[in-house]
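Okay, so chain A shows up in both of these, paired with chain B first and chain C after.
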Partner chain A sequence: MAITERQASSPIPTPREITTQPRRSDQFFRSIVFLGGLSSLVILSAIALFLGIRGFEIITREGLKFITGYEWYSSINADGLSGDQPSVYGIGAMLIGTIITALIAVVIGVPIAVATALFLNFYAPNFLKGFLVSVVDLMAAFPSILFGLWGLNVLMPSAEYWAKLLHKYFSFVPLFEVSAPVFTRSPFVAGVVLAIMIIPIVTSVAREVFSQTPLDRIQAAYALGATKWSMIRAVVLPFGSSGVVGGAMLGLGRAMGETVAVFTVLNIVFQANFQILLGAGGNVASLIILKFGEASAEEIKALMAAGLILFILTLVVNMIADLIVNRSGRQGR
Partner chain B sequence: MTITTPKPTKPWRATPKAMVPNFIAGLSVILGTWFLIEFTGLAGKLGAFLAASALAIVTLSLAAGIQRGGQAAKNVAVGTFVAIGAITAMFPVVSILGTVFVRGIRGIYVGFFTNDMSLASVNDPLDKGGILHAIIGTLLLILFAMLISVPLGILTALYLTEIKGPGSRLIRFLVQAMSGVPSIVAGLFIYSAFISGTGRGFSGFMGSLALSILMLPTVARTAEEVLLLIPADLREAGLALGATQWRTVAMVVVPAAKSGLITAVILGVARIAGETAPLLFTTGGGDAVNGNPFDGVMGSIPFAIWKALIAGSEESNARAWASIFILLVIVLALFFSARRLGKRRV
Partner chain C sequence: MAEQVTPSSLAGIAGSQPRKSPGTIPLGTGLEARNVHAWFGKNHVLSDISLDFASGTVTALIGPSGCGKSTFIRTLNRMHEFIPTAAMAGEVLLDGKDVYAPGTDVTKIRLKIGMVFQKPNPFPSMSIGENVLAGLKLAQLKQSNKDDLLEECLVRAGLWNEVKDRLDAHGGSLSGGQQQRLCIARSLAVRPQVLLMDEPCSALDPGSTLRIEETIRELSETMTIVIVTHNMQQAARISDYTSFFLADGGPGVMVEVGPTSEIFSRPKDQRTENYVTGRFG
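Entry: the complex of A and B
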């Protein structure tokens, strides 16, 4: 009797159902975070979609000539007045200019950046290291218009001097020939400015991969009697080489998409110019900014198409670079 | 019995005798540089630097090679080359900071901060007009870009670190790729999607949209790095106390990462504060103070610099340097506050 009374007064709680199902609040939280996480996917596809839609007409009309053609002529100007010739849109010269200036930037910037990264990781005394890292990071925070203004006012005279020197002693190389003695506002100067702009990112990627070198291998090399350089050559460089290549490609992508600095420094001319010291060149981004101001509706569509090409180009370069950087550190002796 | 205590020695220190070759090498670098500058076509500071570097690599490695053999020579040559590379990378920073300071400080006076350009032209002398409209515009642009990209960026980072759901590898990859999108493409995209053909004009909000595309990857990547540093113990402790995942993230993880997340936001703002190209397609660049970001053209500091730069006269050039001085002060302030916060990890 007594036992049943006690059972009645304190009822055994019904066992709770155990489940792996998240609560309602968690389901809500997870879906919100998921939607936020999708934002990069949505934005990237929206960019490709909208530029594609607006540029579709021009790309289909011009066909492959849009990429290979050197001429850019709009028969309708902003006031709606029509010229006598039909419009032609081709960004071939600008694409060549984009690649040339970006390559100059990589050729000049990457060795300096790799040397800086090696110095910071293996040579610099501690008191200097923190300071130098700050300076390099600070460089990455400079606005691109600042590089443009500085390049135009400060760098141009000395770059012109060096261009003349290069021309004087190396003019037998076709690259350094000049058909007219105009050395200012050349792809070379733009390339130097771009090189300075990509040094921070290449340095930080290279520093990252160098610092991941396994310490035991470094110490093993030293224990075998290696000098610092033979240690770097045998351990660090093989381990970090793909990271450096990826970093260089990231720099290449940045240099291809740079607008304001290049527009400020470069003399934009619609011709394929392989003489890097001659003051004529261009890149796709600066073409867009040059023509946007007084463009007709049709020309704006052509500019959108050019923007699409630039977007795809930089996206592909960046994706390959990221794949290489993420894969780095797996090989090495 | 005398106790002899050995005299403390420092065998790793170079003896004076060992210093002699290096001293000779240094002297020959100085003399050689002077000779090259004086008697050949090389000129200027850069020329002197280049000559000195080349000579330093040769003579220092020779000195090491004579004393200690070929391997040492190579070692010293590479060490010198690497140090010179680092010095070269510092050159532009020093030059840029110096030029901006020297040329910018001339144009700064009180009226520069209290006037706008509605009654002045860029070619007027500097005592007319100012950049009040641009400062207000830049602040508004940054504010609205933050309102859009900070939530999205932090949610992306939370998805990558807390939920680790399907496709998080793809999204991490896309965020990385997005940080390389050229700024001009962001501007062109906003123009093609929201301005062209819709009847809407330029406005500050459109500029903010374009800037937030550039800011989002910076915020997301930095925030992800910070959230990864939060120890898993904290999360597990929160869940073990019976909290839901939402409560754990909101009350344990995010507060623990607070200073790091603020750093992420500041780095994002520093990334966009000086962006010019996207604003050219979206804001229109007004000359008068405009407090309404949803209507009418809006000025900004980069756009003001752009206008002054294009005008090309001496006065406008001085104006550009003065404006860029202020822009650089803002960027530097953001940069150093991010550094300070970033040091206080978790």
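Entry: the complex of A and C
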């Protein structure tokens, strides 16, 4: 009885602070991984800061026209000779090109990647699976210049044919209109090359999430007489959808930042081109590589500014991806 | 177990239940296993099981963990083959036809032989109503009046009154016992002849267990039920026949099968008696 009496009389206590004293070895390890975790943040902010400082002058001078303008003209060339007109820097056409080529890549690449992931996880026999997985991984490590050269020399002729077909039968869609009959080196071809480049990363993300589908749900579907395909539709795809969206966004980010392959394939022209089959376009990264070699000090600053805009664009895409993944992630899980 | 289990108490439970004998309910010919063996890789886990499940009866499979009961019922609806390296021998006859015969559409077998798993596994992306009718979509069956079927299945699974006002809620919002009854309702929607239940109550509290046992008894009016259970009182309460499995170092074998009251009152085999009296397992 004494115990209950004491409980009854004591006032309600305030919650205690709960602490622990980690061992020295643990503290040491903790500081190492903390540095590792911090490093990517530090490097990223250093790059952003560098681009911001170097590009600040041009961005403030050009204002909003830097993003919306289509003209890129530097009056001072690398030798210091001055032209007669004032310099104009606008990356609008390149931004549009960046988004268009990246979207084409995602539209073409993601379905192929999802199909590949489903095949590897649910259909491929074991001996083939291991082999194909390493092929896909190898594709991810393949140098992008080789994709570019292959795209230019091998893919282009057939892509030109597909483009003509698309134009012939779907030209009522504004996207597939062509104002001049130039079908080579178009955003469409660049998009196809980019699609091939993003397939490995999207495939491996999709494969990873699909393989985590809970076995009990798969079995539940099969026990109800599901075919493999109806099981995948009812169980695997709802479960993996957010992961696929995340993988697609990773792919989009890579496609937007890709330089060499686009530079090799695309006919870089400073005009806003929404006709994806027409051989004119460009993206921000290819602009930088195109102009960097013979740029004057001023133009380099403008290129840095362009880099900053690309950086921000990538950041925004990733944030949107996070939002989508978090929102759709709870459903189906 | 909190309660003292003696053979006589289990026999009492078993004896107080009304029993059916095979063939009294005209539902077709039922399910038969003939000389079934099973392997995982080189590991022989199940040896020579022959067992008849007369239509309209409840058969309980009891035995210690690892004796092959679950493997056995998974051979009955061909869920066994999902495990890589799994192999089997023998025949499983449904209405006299071998379900493993070449050219058999396995999805049709699983429509006729439904299954309820140990852990409730509703589809979380679907509502309660969609979960019940999921089988129709999965198996691409046509159904003219889905609302009637939905209500019928939920009523038979004993869940209708609890969920009728929130059929659009997610399946995951239900309690564990309700989820398991939802899974039973889901199995019923494709109108199976046989329902296999793999320890359906082992993750549930006693109240939910009781509800499911009632459901099982009602279902057995119209279908054949095979249930794996570790709860011997449950076997005694709900089954017409009980089969005792045991793996003694080697592959699992069926030691004995008989009417439930006999298995619990006067088993023929000493090992069965030891198990049901709680001397091991």
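One rule holds for everything that comes next: the second predicted complex is superposed on the first by the 279 of 333 C-alpha atoms of A that agree within 3 Å, B and C clash if a C-alpha of one lies under 4 Å from a C-alpha of the other, contacts with A are read in each partner's own complex, and residues count from 1 in each chain.
Just so it is clear, a contact is a pair of C-beta atoms (placed from the backbone, for glycine too) under 8 Å apart; a residue touches a chain by one contact, two chains touch by 3 or more.
Since the model is a prediction, treat every value here as computed from it, not as a measurement.
When the two structures are aligned on the shared chain, A:L165 is found in touch with chain B, with no touch to chain C.
Judged by the touch definition given at the top, the superposed model places A:A180 against neither chain B nor chain C. Using the contact criterion defined above for the overlaid structures, shared-chain residue A:L41 touches chain B, although it does not reach chain C. In the superposed pair of complexes, A:V235 makes contact with chain C only, with no contact to chain B. In the superposed model, A:I12 lies in contact with neither chain B nor chain C. Applying the stated contact rule after C-alpha superposition, one finds that A:L224 touches chain C and leaves chain B untouched. Judged by the touch definition given at the top, the superposed model places A:D216 against chain C, while chain B stays out of reach.
Residue by residue along chain A, chain B and chain C are tallied for touches, and B comes out ahead.
Contacts of A:L64 after superposition on the shared chain: neither chain B nor chain C is touched.
Shared contact residues of chain A, touching chain B in one structure and chain C in the other: 227, 230.
Interface residues of chain A, counted against chain B in their complex, comprise 22-23, 25-26, 28-30, 32-41, 43-44, 46-47, 50-51, 53-54, 111-116, 118-120, 123-124, 132, 134-139, 141-150, 152-154, 158, 161-162, 165, 168, 196, 199, 203, 227-230, 232, 250, 253-254, 256-260, 264, 285, 288-289, 292, 300, 303-304, 307, 310-311, 314-315, 317-319, 321-322. Every residue of chain A that touches chain C in the complex is listed here, in rising order: 126, 214, 216-217, 219-227, 230-231, 234-235, 238-239, 331-333. The touching residues of chain B, counted against chain A in their complex, run 41, 43-44, 46, 71-72, 74-75, 77-79, 81-86, 88-90, 92-93, 95-96, 99-100, 151-152, 154-156, 158-160, 162-163, 165, 168, 170-171, 173-186, 188-189, 192-193, 196, 213, 216-217, 220, 244-246, 249, 270-271, 273-277, 280-281, 302, 305-306, 309, 317, 320-321, 324, 327-328, 331-332, 334-335, 339.
By the touch rule above, chain C contacts chain A in their complex via residues 77, 79, 82, 84, 107-108, 110-111, 114-115, 117, 119, 121-126, 134-135, 137-140, 183, 186-187, 190.
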